[in-house]
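Could you have a look at this structure, given as structure tokens, before my questions?
Every chain is named by a letter (A, B, C, D, E and F) in the order it is written, and numbering of its residues begins at 1.
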Amino acid sequence: MGAMLENLEMIGTGFSVVMLVLALIWAACALIGLFFTRGTKVEAKDAEKPAPSQPALAAATPGVPPHHLVAISAAVAATLGGGYRVTRIAAPAHKVGDWPLEGRIQTFNGHRTRADWAAMRPPLGGAAQNDKRGNRP
Amino acid sequence: MGAMLENLEMIGTGFSVVMLVLALIWAACALIGLFFTRGTKVEAKDAEKPAPSQPALAAATPGVPPHHLVAISAAVAATLGGGYRVTRIAAPAHKVGDWPLEGRIQTFNGHRTRADWAAMRPPLGGAAQNDKRGNRP
Amino acid sequence: MGAMLENLEMIGTGFSVVMLVLALIWAACALIGLFFTRGTKVEAKDAEKPAPSQPALAAATPGVPPHHLVAISAAVAATLGGGYRVTRIAAPAHKVGDWPLEGRIQTFNGHRTRADWAAMRPPLGGAAQNDKRGNRP
Amino acid sequence: MDGTATETSKLEQLWHLTAIADVTWQMAVMWVVVGVLFYLAVYRKFEPLLLVPIAFGALLANLPTEGLINAPAGEHGGGLYYYISKGVDLEIFPPLIFLGVGALTDFGPLIANPRTLLLGAAAQFGVFATFLGAAAIGFSPMEAGAIGIIGGADGPTSIFLANKLAPHLLAPIAVAAYSYMALVPLLQPPIMRLLTTEKERKIRMRSLRPVSRLEKLIFAAMVTIVVILLVPAASALIGMLMLGNFLRESLVTERLTKAAQNELINVVTIFLGTSVGITMTGERFLNGDTLKILGLGVIAFGIATACGVLMAKVMNLFSGTNKINPLIGSAGVSAVPMAARVSQVEGQRADPGNFLLMHAMGPNVAGVIGTAVVAGYFIAWYAN
Amino acid sequence: MDGTATETSKLEQLWHLTAIADVTWQMAVMWVVVGVLFYLAVYRKFEPLLLVPIAFGALLANLPTEGLINAPAGEHGGGLYYYISKGVDLEIFPPLIFLGVGALTDFGPLIANPRTLLLGAAAQFGVFATFLGAAAIGFSPMEAGAIGIIGGADGPTSIFLANKLAPHLLAPIAVAAYSYMALVPLLQPPIMRLLTTEKERKIRMRSLRPVSRLEKLIFAAMVTIVVILLVPAASALIGMLMLGNFLRESLVTERLTKAAQNELINVVTIFLGTSVGITMTGERFLNGDTLKILGLGVIAFGIATACGVLMAKVMNLFSGTNKINPLIGSAGVSAVPMAARVSQVEGQRADPGNFLLMHAMGPNVAGVIGTAVVAGYFIAWYAN
Amino acid sequence: MDGTATETSKLEQLWHLTAIADVTWQMAVMWVVVGVLFYLAVYRKFEPLLLVPIAFGALLANLPTEGLINAPAGEHGGGLYYYISKGVDLEIFPPLIFLGVGALTDFGPLIANPRTLLLGAAAQFGVFATFLGAAAIGFSPMEAGAIGIIGGADGPTSIFLANKLAPHLLAPIAVAAYSYMALVPLLQPPIMRLLTTEKERKIRMRSLRPVSRLEKLIFAAMVTIVVILLVPAASALIGMLMLGNFLRESLVTERLTKAAQNELINVVTIFLGTSVGITMTGERFLNGDTLKILGLGVIAFGIATACGVLMAKVMNLFSGTNKINPLIGSAGVSAVPMAARVSQVEGQRADPGNFLLMHAMGPNVAGVIGTAVVAGYFIAWYAN
């Protein structure tokens, strides 16, 4: 019973410590953030117009590497003669976007999503998955 | 003389062990293979027709990365107007195909065969071999 | 005072050693170089004419990878029909040329110059610098 | 006769060269366990980066390979894993993994909405509750602490703490931690739905502000200082985590960031995984304790999930119009980034236009810090 | 007078700071040897990845660099290679190389045609025959075993075994092993042509079936179990080889596979090569034993090649219509993938339409397993 | 009453778990120093690859993290940096960095114009002059040597020598070395302009001949032999530098070259930087010696720059028409490649059509060899 009390004391202290530490970080973050957001708001007003000027490109960026974009645009221009505009380029299928933790996903999930477009090609027989065997394609 | 006899005994035992171990693995492999090949033969009949449907692509795969294929096809389509079909794309010269041990060749031979098409370009003066010095091209 | 004399002796010896060692290497280099340059001069005469035959290409090499050059030339040939010649291909902006110590610059400066053309794209909002965070583009 | 005798002795000799006689029934049973782990890792994709090496290490542990792990004796060197396992024994590998994790983690969503730190803190209650349960069913306090940390859903931290407090339980704790991390998409949703109303699940959160490089750098330094001052025993984990993150966010050390994100973490992962697996001998693994640990692990995950969700609901009582969707509370268990994805999926189930992913990343990475703090607290309490 | 005396003593002092007085004639001779190795490695491409570091290590060994290899004494630390060489002494580097080799190897052709395992086994007879020869000309049994393994044509295995049985012969054995591996295209063809008829060389083999992921995974686990049960002393080599292969074939641990194939194997190769080279001092290398070892090495390769070819012919007596082209028997010596290429080239010389490469990969990788088994057997016999 | 007492003791207990009481004023001051270093590294790009890890290590050193660096005691293992710092203590990391530096360095410009070796030698006078100054203001000879080497502008060499001669000064010496290397573009130009005439600055040099692979390989081997024979104590640094360069120039070991240029150097840089930083405790760093060292460092750089320029002018007295532009003399301090860039910029300021960059690379890489020679000389003189 004494042991249980001791354990309860340990837990009480421990959970308090965790809450305290993270609350302190919260407080510090909020304080620091205050300083940074004040600055941003002023800038934001100035920057309002130029930002939405390239929506097509911005919408496309999560999945498709920019130099591919350029290549695709060039190909389209060459084919259709210049009067057309690429409005949407999407990487197919189970795209996750390049939200910032993508790298960590890769580490902890262990299946590569797509380092390159190459991974998206249909499997061609037994050799098709060699890129997952670590060989250079 | 006793030493020689001892050595002979050691050799006899040793060679038997090696033959035994590898023969055992053979047996195990054959057994496991039996199970797998039975399955495959049935599938093979069903799959007979769709398989040869993309021979051009399949023939090209050993050397040329698929995303290059796509790019080449797109370029051809753009230039020739769509009525044509790419029937054969080959990487020039001393191509080894991507048979599975290519990676190991690289390790044990120490001269890079081709990680990229770039290696195939003609040497351009002294700077040409910088890719073999490990610098990024 | 004795200590100072001792220090002076140490310095005298030391600086002599450094000068001696590097002078010896100089001598060895010069000797070896003599052997090599004799060979080169003869070759140089033979090679005088072909060398300047591809000035456009040579001028372009510092920044633009040769396989891109080939691709660009092929694309131009395909599009314009062969009668044209690419006279200048330049990688834009703060190009540093590929002089040989570029790799070491990278190590000791810590800011990447350009491993690929992709780095040259304009920053696209907050996500733009992710390539500097080590994530694959 | 003599010839036959020689023949017999030769065969005997041959037999003694082999290790077939050393196979125990526990080994055979463990081969099945290894098979199950391989199946889960390869075909069900349960954290394969860790479970494949762990399972292969377990296979080696359950073959007569004492030559792989024996200590040096006289002039004979030790086995290969005698040396490689030093990285676990001496608590070197987990902080190195954290160096890579820091280089792979973006704390931006947390910095933009620092309230979510409390969600990451609340989820740690699962650790303490499980500690209590483990102590109640007979584990020693140090063992109970090592088991409880499974609820933190953080592999390297679990290995770090288990090695410190209860090294004999390292293997089952690591296996439980990584398996349940992979099971998060199955374990969490029922609890999340049970504890939230439809209306709560439809809460849309304000979009996050962008966070500048300077703010991220200050954050990394600040967390280092605060955590190490308050819980100095967590310094190896938090120090390396924030070193990796500082390298990443400085934007001027790209080479080092990449090395931490790739070379270092990959090589260490192979060694860490196999070192953990190689402790998984039949005698150690096939006993009641392992089953108890696997059971307590599920409980730990469940409580952690529930506490995260409930904390979000409590915080909403004080948040005016700027409500938190309680579905992101469950992400406080860490299990980065799976738990955040679960929040996203559950959120879209209630309202397809609701994007909770980035919001859930805040508690998700807060949970990593929280679990490291708990580990440091346990070490300070018990290990000195 | 005094001034001159000081001058003299100063020059003397300067002289003593240098190490010119320590140069021996053996060193000068070894510089020539190093030059030859550099030439072979750089201009003839004899396994440059290993021979360049070995030769550079040998250059360092034959300069007065005792500061590089001295053991720590009192408060002075040891030399750089005192520490790096521990990776060879403690038998850590060769298994790590095997981890990378496993991640680079496709056992598919072997699994598709497992008969070829016997070819890989037969080629090991070269090891035993050379053992006998070495013992006959006066080497001790342990030395003879380390020399014989050269016939296995497997660098890391040779280094592993030589370090265990006869560390003083490490350098010549490693040099012989890697040099002859590079000479395979010269050494094997005459033997192959001598032992086969034109008709045999024209045998076309049935094309190989594709092998699925599951089958490859089972193979890796099965080989691990069988070899370790029967030859437990080979567990470090076979365990790491199959761990690397399992990572590769699992297809779910790409990051780890790449780390094993690149970072790990490359860095370890630099250290392994230079560590081997730095044992190559004049006193150790410039003696009759080295010449004998180089001679025995050629014999070992020749016998191994012949046994592989002959075994194929023997097997054909029992194979009905599904004949083996005996040219692939020579690939059983391992020397991956050079020996398999030699089979291909010789096959096309007899019949330009015959593609033996993939068929020869079977015995080729079988030879790697076979040599590891032999090494384990030698260790079990002698090293306990 | 009792309850309150318990409450108090609990709080006390909590307090004792934290390390707030261990904060000293020195630590707080050091946080400011760390902040300055971070600012310089991140925003002013002062050698960030080294200064970011050093500064982060210094942050850890100035928090109550004795758990990170404590030696093992009884059955308790040591702290993480007890083990990682062994790479500095045992002088392993700096030679490994040099392995990578060698693989990244092209000695071509030096080989094409070997006269410039003398410029690299002359710049080493800064080291000796600073040694004398340091000895004069009260440092012991060994300390003075370690301080003087800052003038060599070579980070790994400075760390290597400081660790050998004066480990207690390691941190300020490393910080001074890397900071001043970053300041080269500010420190050198005034001195260069002061010591040269407009006409001299306009000298155009003959273009460099191309250098073949064979010549580069011979150079690497020759430098190894000459330096190790004459200054054997430099063998670890020069040996690894030239091993890396030989791998690079052989063109047949691309995998190994890349490993040395990337994986190895990056990972070692993280560990080296933080290991150096973690010695930077307040007590060691906040004293007069540090200020003196920072002051002496500037002097060392200045003298080295001046000597390089002056040597070029002296050499021009003997060079007939093939003059040297004295602006490349300053590049002899090493600080690769910054010092060479400074020469280029100053040259173009006098004559926009003058390209001195490649010419300046000669003395620049010669300075690396020169400083390693000086370090070896100091070690031979004092450390035996």
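The definition used in the following text is that a residue touches a chain if its C-beta (ideal position, glycine included) is under 8 Å from a C-beta of that chain, and two chains touch if they have at least 3 such contacts.
The chain lineup, named per UniProt: D, E, F = oxaloacetate decarboxylase (Na(+) extruding).
Please read these numbers as outputs of a predicted model, since none were measured by experiment.
Chemist: Minimal path length between chain A and chain D through chains that touch?
Modeler: 1
Chemist: Is it true that over half of the residue numbers where chain D touches chain E are used by both copies, so same, or is it different?
Modeler: Looking at both copies, the contact residues mostly diverge.
Chemist: Which integer distance in Å separates the CA centroid of chain B from that of chain F?
Modeler: 45
Chemist: As a quick test, compute the distance in whole Å between the mean CA positions of chain A and chain B.
Modeler: Going by mean C-alpha positions, chain A sits 34 Å from chain B.
Chemist: Go ahead and note the Å separation of the Cα centroids belonging to chain E and chain F.
Modeler: 39
Chemist: By the touch rule stated above, which residues of chain B touch at least two different other chains?
Modeler: Touching at least two other chains: 13, 17, 75, 79, 100, 103, 107, 110-111, 125, 134-135.
Chemist: Residue numbers in chain E touching 2 or more other chains?
Modeler: 17, 45, 48-49, 106, 108, 210-212, 230-231, 251-253, 255, 258, 260-263, 377, 381
Chemist: For chain D, which residues count as touching chain F in their complex?
Modeler: Within the complex, chain D touches chain F at residues 89-92, 95, 99, 217, 221, 224-225, 228-233, 235-236, 239-240, 242-243, 246-247, 250-253, 255-256, 258-260, 263-264, 377, 380-381.
Chemist: Contact residues on chain C for chain F in the complex?
Modeler: My answer: residues 3-4, 6-8, 10-11, 13-15, 17-26, 28-30, 32-33, 36-37, 40, 99-101, 103-105, 107-111.
Chemist: Quick one: in the complex, what on chain D touches chain C?
Modeler: 103, 106, 210, 213, 248-249, 251-255, 257-258, 260-262
Chemist: So in the complex, which bits of chain E are touching chain F?
Modeler: Touching chain F: residues 17-20, 23, 31, 38, 41-42, 45, 48-49, 52-53, 56, 59-60, 63-68, 77-80, 83-84, 262-263, 266-267, 269-270, 274 of chain E.
Chemist: So in the complex, which bits of chain F are touching chain C?
Modeler: Residues 45, 47-49, 100-101, 104-106, 108-112, 114-115, 117-118, 120-122, 124-125, 128, 131-132, 135-136, 141, 144, 181, 209-212, 214-215, 218-219, 222-223, 226-227, 230-231, 261, 265, 336-338, 340, 357-358, 361, 366, 369-370, 373-374, 377-378, 381.
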